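Two complexes come next, and they have one chain in common, subunit A, joined by subunit B in the first and subunit C in the second.
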Partner chain A sequence: MLKKILRIFIRDIKSTKREQIALYIVFAPILLAVAITLFAPGLNDTTVNLALLKSDEPAHIEYMQQFAKVELYDDLEALETRVNKRDDVVAIAPKGDGYEIVLQGNENEIVQTYSTMLNSLYEIGATPEDTSATIMSFGKTVPPLKTMLVNMLVSLTVMLAGMLIALSIVTEKAENTINALNVTPLSQTGFVIGKSMTGGLVSLVSIVIALFITGYSGVNWLMVILVGVTSMLLSLIIGFVQGLASSDVIEAATNVKMIFLPIAGSIVGYELLSDKWQWTMYWSPFYWAYKANDMILSKTADWPTVLLCTGMVLVLTLAVFFIARPKIRKGLS
Partner chain B sequence: MISVKNLSHSYNKDETKAVNNISFEVQKGETFGFLGPSGAGKSTTQNILTGLLKLQQGEVTVGGFDLKKVHNERFNKIGVSFEQSNVYGKLTAKENLKFYAKLFDVETRDPDELIALVGLQGKEKVRAGEFSKGMKHRLTFARSMLNNPELWFLDEPTTGLDPAIAATIKDIIREQQKKGTTSFLTTHNMFIADELCDRVAFIIDGEIKLIDTPKNLKLEYGKKLIDIEYVKDDKIVKETLKTVDEHDKKRISEIVNAYDIRTMHSKEATLEEIFIEVTGRGLV
Partner chain C sequence: MKLLSSYIKEMKIAARGFYFYVELGIAIIMLLILLFAIAENPDSKSKEYLFNDLPDAMTDAFVEEDIEEGVARWADDAELTLKPIAFEITNEETGELASYNYDEEKIVTARVLEKVNTQTGALTGTTYILDNEEDMIRLSYAEQAIGATTSLDDTGRLRYKYYLQGYETDRMVDLLYVLHNEDPDVFAASFDSQQVRTLDTFGTLNSRQGLVPLFVAFAGSLMGFFIVMAYIFLDKDEGVIKAFAVTPSSVWKYLLSKTMVIMTTVVVSSSIITIPVMGGQPNYLLFYLFVITTTFAFATLGLLVASFSKSLTQAFGALFVLAIMLMLPAFSYFIPSFDPVWLRFFPTYPVLQGYKEILVVGGNVGYVLMYSGVFLVGGTLLFLLANIKFKKTLTV
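And now, the complex of A and B:
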């Protein structure tokens, strides 16, 4: 049995390598991981842009450069031209004994206040060391937005496993090869497990690679694998059902996307809804998987919580499986 | 090798039967032809026998296995050649056969040998997706022999093939017959049935009308015929008349005496003509 399952898996991998859409599905998460890594340094960039005159006091320019991104201009006219461009740049120019702050007028209020406060602090000669406050840090070095994007990427990769299965099943249907398999000693269960291995393992490997690329190699891998495998089960079931129900690749891709839309909605719900309304998303296995992954990626996960989340994923997936099982059985016969 | 008793099947699970209370037996080493027009119930019967359709009603044993119970190991001694080719387009001819070979628990034949046997030598490394319809059909046929089947299901094995390739396929079937393979041949082509089958069953509207050897059928139902072509009013007229029928005999005499005969050939009734006579229906 195990040998036959492995044969199905190897055959599917061989076909996937020769199928452009399948290859795209396999490599999309890795490409997205590279994109996140490239743009991540800018995700937490809250720097204020200041325009100063080259003739300004060197001490003023040096002070400002510590806390803002500073651009230097030759004269007041060039300074004003810069301020009037589309982005938020605040100009600070010497005037009499003090300074004049030049604004376009439509800048973000926080940018205006920050620039003004910064100049005031320079004028009174304040430095960060002058504060009486002590610093207590939780030591989080990863921007929360990056964690959110990587978590969404993990969820997307899990969903793509279903897409890969649907694509494979549609191809088997189009080539009428399921009938040929049905007259071999391979059991239906063996066929389903073999096919699931392809979608599951390919996605799991993609998740591992994506986490390495995005810099999350220090996470608890056992937790990542546990959540990945359990959340993938639902994706695989959806892949089988939609693959068997669809007549071509386009229809299968559309159907899988339509099914995943509300599921993806539950992830958005996790991020946007207040604690009071989080319960409205409890129906979705992906909500629990996303929640678990959020903690794992933020390195705040503990085993009881992860096990609770994966337990919820399993219970909800089992419910879907019992509803979908007759359809899958009939479709494969 | 195959025993079918009171087999019925309804796709809608109602009184409309695709196959209605049919019974027959196929002996070991026999080539049994299941003949009938499209929609007669041939494929339904074969699909039940090969396990592709669930047995609803009746008692069926195939290769000693009761179809009411699930026995996947029975496929180790069964080969199925489908009417519509079904091979993996992304895999080469050889990869296709190697993949299926690994799914059996018995010794299998060399893929290269089978590929050559069906005339596809030199195409081992070509992806099946690039094959013509006929080539795919031959690969499907080759696959059905992978496990040296004791029982071989052949669904329209020569349909869509050019005469030379069809002759090759028929030769392969004859070779397997010599080796003692039991074959269940489903076709609407009476010529191939006549050439290859030890016995044939005529099925129409889900019911078997008769089962016998082609020779016996010809003796019982076939009558010597004469194809005659003659000139009447400057036009060529063709008639086929029976030599054993009194009315036809008189007609032959009339034609010979009254008209200019162009051609006149005697012939034996074909299985197709017998089928039409027995069932009252054609084979299309």
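And now, the complex of A and C:
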């Protein structure tokens, strides 16, 4: 049995290599991992962007540069043109004896408060020296935004595993190999395991490489693999069902969107819903996987919580499996 | 005429197929998510942990001022679980390092102060006030949120000790230092006297409306990129291409009719998402012009990429990588202060910004018209290239 499963796996690797899709699926998360690594410093450095006049007091310009990104313009008209552009830039222009803060009107409230605060501090002559504040640091170097992006990348890679299975099954159906397999000694279970190994292995390799690239090599790898494998089980089951249910490639392509919806919904729910509304996402196994990965990547995970999250993923996956089993059996017959 | 009959025939086939209805179904699901799961002004998840080593009357005086102004309110006390944890803290001034190690789980009660946006009523943050400094530090570390201790020094001056995670920028740290340099009353007086002028040339979108450009751009315009080549390969597999080769119609009419089917589907699905959320606010003439031109451009890009592939699975990988890259401008859309120049070269950047301009009151019509023209011209060029390539490959 094991030998036959391994043959299915090797055959799958060969055929996906021929189609190059496995390479793309490995390549996509790696490419994104590189992008995140390049992006992250810029994303973290988002205090406030100010536009000042070149003719402004050098002391004012220098003061603002300590606390904000500063752009300089020739005249008031140029300042207003800059403020009117799509991004959040606030102008501070001399007016009378003081300054005027010019806003577009659609900025985040914090941008307005921050720029007003900076100009107030300048006007009262406040400096970072002689302060009554002490800063204590936990010494963390990875911002949560980067952790969020890497976690999203892991979820995307899990989705890709399902996609790979769905497309592979559609191709098998088009080439009538599933019918041919029914007359071989290989059982349906063996076929399912063999095919799942390709998607699972390709995605796990991508996740590991992506975590190394983004600088998460110090995470608890046992936890990562545990959560990765359990959440991938679900993705693979969905991939199987969608592949078998799709009569042609266009249906399989459309179904990719359907896998995407619960994953994206779970991420948005976890990140945006306040604590009292988090329970509304408990139905989604992707939510539990995302939550576990969030704690693992931010190095605040403990085994009881990770096991609880993994357990929830497994229970919900089993529920999906038992619902989908008749469809899978029928599709493979 | 041939193009029209070809389009009508393709629409009839599409209407009998699975994809068309799934696309509409997904648009309906997205609409339901927007209407029922996304609040117009959602509560913020932002947290901070405080320990006030001050007389109670002084703590209450700070809070009461905010409550009177309507920017804060007391909520029910919360029970917080402190998990076993170990970490180190460095004093940024002295470099002194302190280690903390907790083996036991602990449950503590905190007073909860909610900060409120006076205009929308939505929560802008939650402050947990603890009775013990060590508990506050543990929570600040575990929850990755700012922590602070307020105390009085020997001279009766307020002292602030901030617990930062370590990844905050120097600008942020400098701001915390400078904030506590002067007398708070002097600072407050200066803050209140600042002159602020709003240009008011641009309206705003609430959180729900702000997601519409994203849904329409990625689930609509960008999807044409995927689906058009799926149609082509499906026809190839089913032998439609062979049948087509013996008809008097030309390849470009076949390709354009396929693109038009995608454009029609996206017009319907984007209407399902946009109209119930935005009502009569946007300029729909401009909206549909932009939907059609952007969908046309992305569908023709999909055609061109597909023309280099022998099968759907081969094309799918390349298209998927490209699609993911095209989603990157969403970061700039959600974080306006993050707007690097290189990101503006991605075609999806003007698509997102264009939809935003259309939906918002007083949006920049010139921007939308200019990019509609760019997408139309770009799409036409891509279409011509795809036509040349397909003439060689779409054969019997």
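Please note the rule applied: the second predicted complex is superposed on the first by the 238 of 333 C-alpha atoms of A that agree within 3 Å, B and C clash if a C-alpha of one lies under 4 Å from a C-alpha of the other, contacts with A are read in each partner's own complex, and residues count from 1 in each chain.
The definition used in the following text is that a residue touches a chain if its C-beta (ideal position, glycine included) is under 8 Å from a C-beta of that chain, and two chains touch if they have at least 3 such contacts.
What you see is a predicted model, and the numbers here were worked out from it, not measured in a lab.
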Quiz item: Quick one: subunit B or subunit C, who's touching more of subunit A?
Solution: C
Practice problem: Examine A:124 and indicate which partner it touches, taking first as subunit B and second as subunit C; both and neither are also allowed. | Solution: second
Practice problem: Based on the superposed arrangement, let me know which partner A:325 touches: subunit B (first), subunit C (second), both, or neither? | Solution: neither
Quiz item: Given the touch rule stated above, what does A:49 touch, subunit B (first), subunit C (second), both, or neither?
Solution: second
Practice problem: For A:176, decide between first (touching subunit B), second (touching subunit C), both and neither. | Solution: first
Exercise. Please work out whether A:275 is in contact with subunit B alone, subunit C alone, both, or neither, and reply first, second, both or neither.
Key: second
Quiz prompt | Intersection of subunit A interface sets (partners subunit B, subunit C) | solution = 19, 171
Quiz prompt | Contact footprint of subunit A on subunit B as seen in their complex | solution = 50-52, 54, 72-73, 75-76, 78, 80, 82, 84-91, 95, 99-100, 102-105, 127, 140, 143
Quiz item: Across the complex, what residues on subunit A touch subunit C?
Solution: 19-21, 23-25, 27-28, 31-32, 35, 39, 42-49, 66-68, 80, 83-84, 86-88, 95, 98-109, 111-112, 116-121, 123-144, 156, 160, 163, 167, 171, 174, 247-251, 253-258, 261, 265, 269, 271-275, 298, 300, 302
Quiz item: Which subunit C residues qualify as touching subunit A in the complex?
Solution: 17-19, 22-23, 26, 29, 33, 37, 42-45, 83-85, 87-93, 117, 123-124, 140-142, 144, 153, 157-167, 169, 171-182, 186-187, 190-191, 194-204, 219, 223, 226-227, 230-231, 233-234, 237, 311-314, 316-318, 320-321, 324-325, 328, 331-332, 335-340, 353, 356, 360
Exercise. Would you tell me which residues of subunit A are touching subunit B in their complex?
Key: 3-4, 7, 11, 14-15, 18-19, 171, 175-177, 179-187, 333
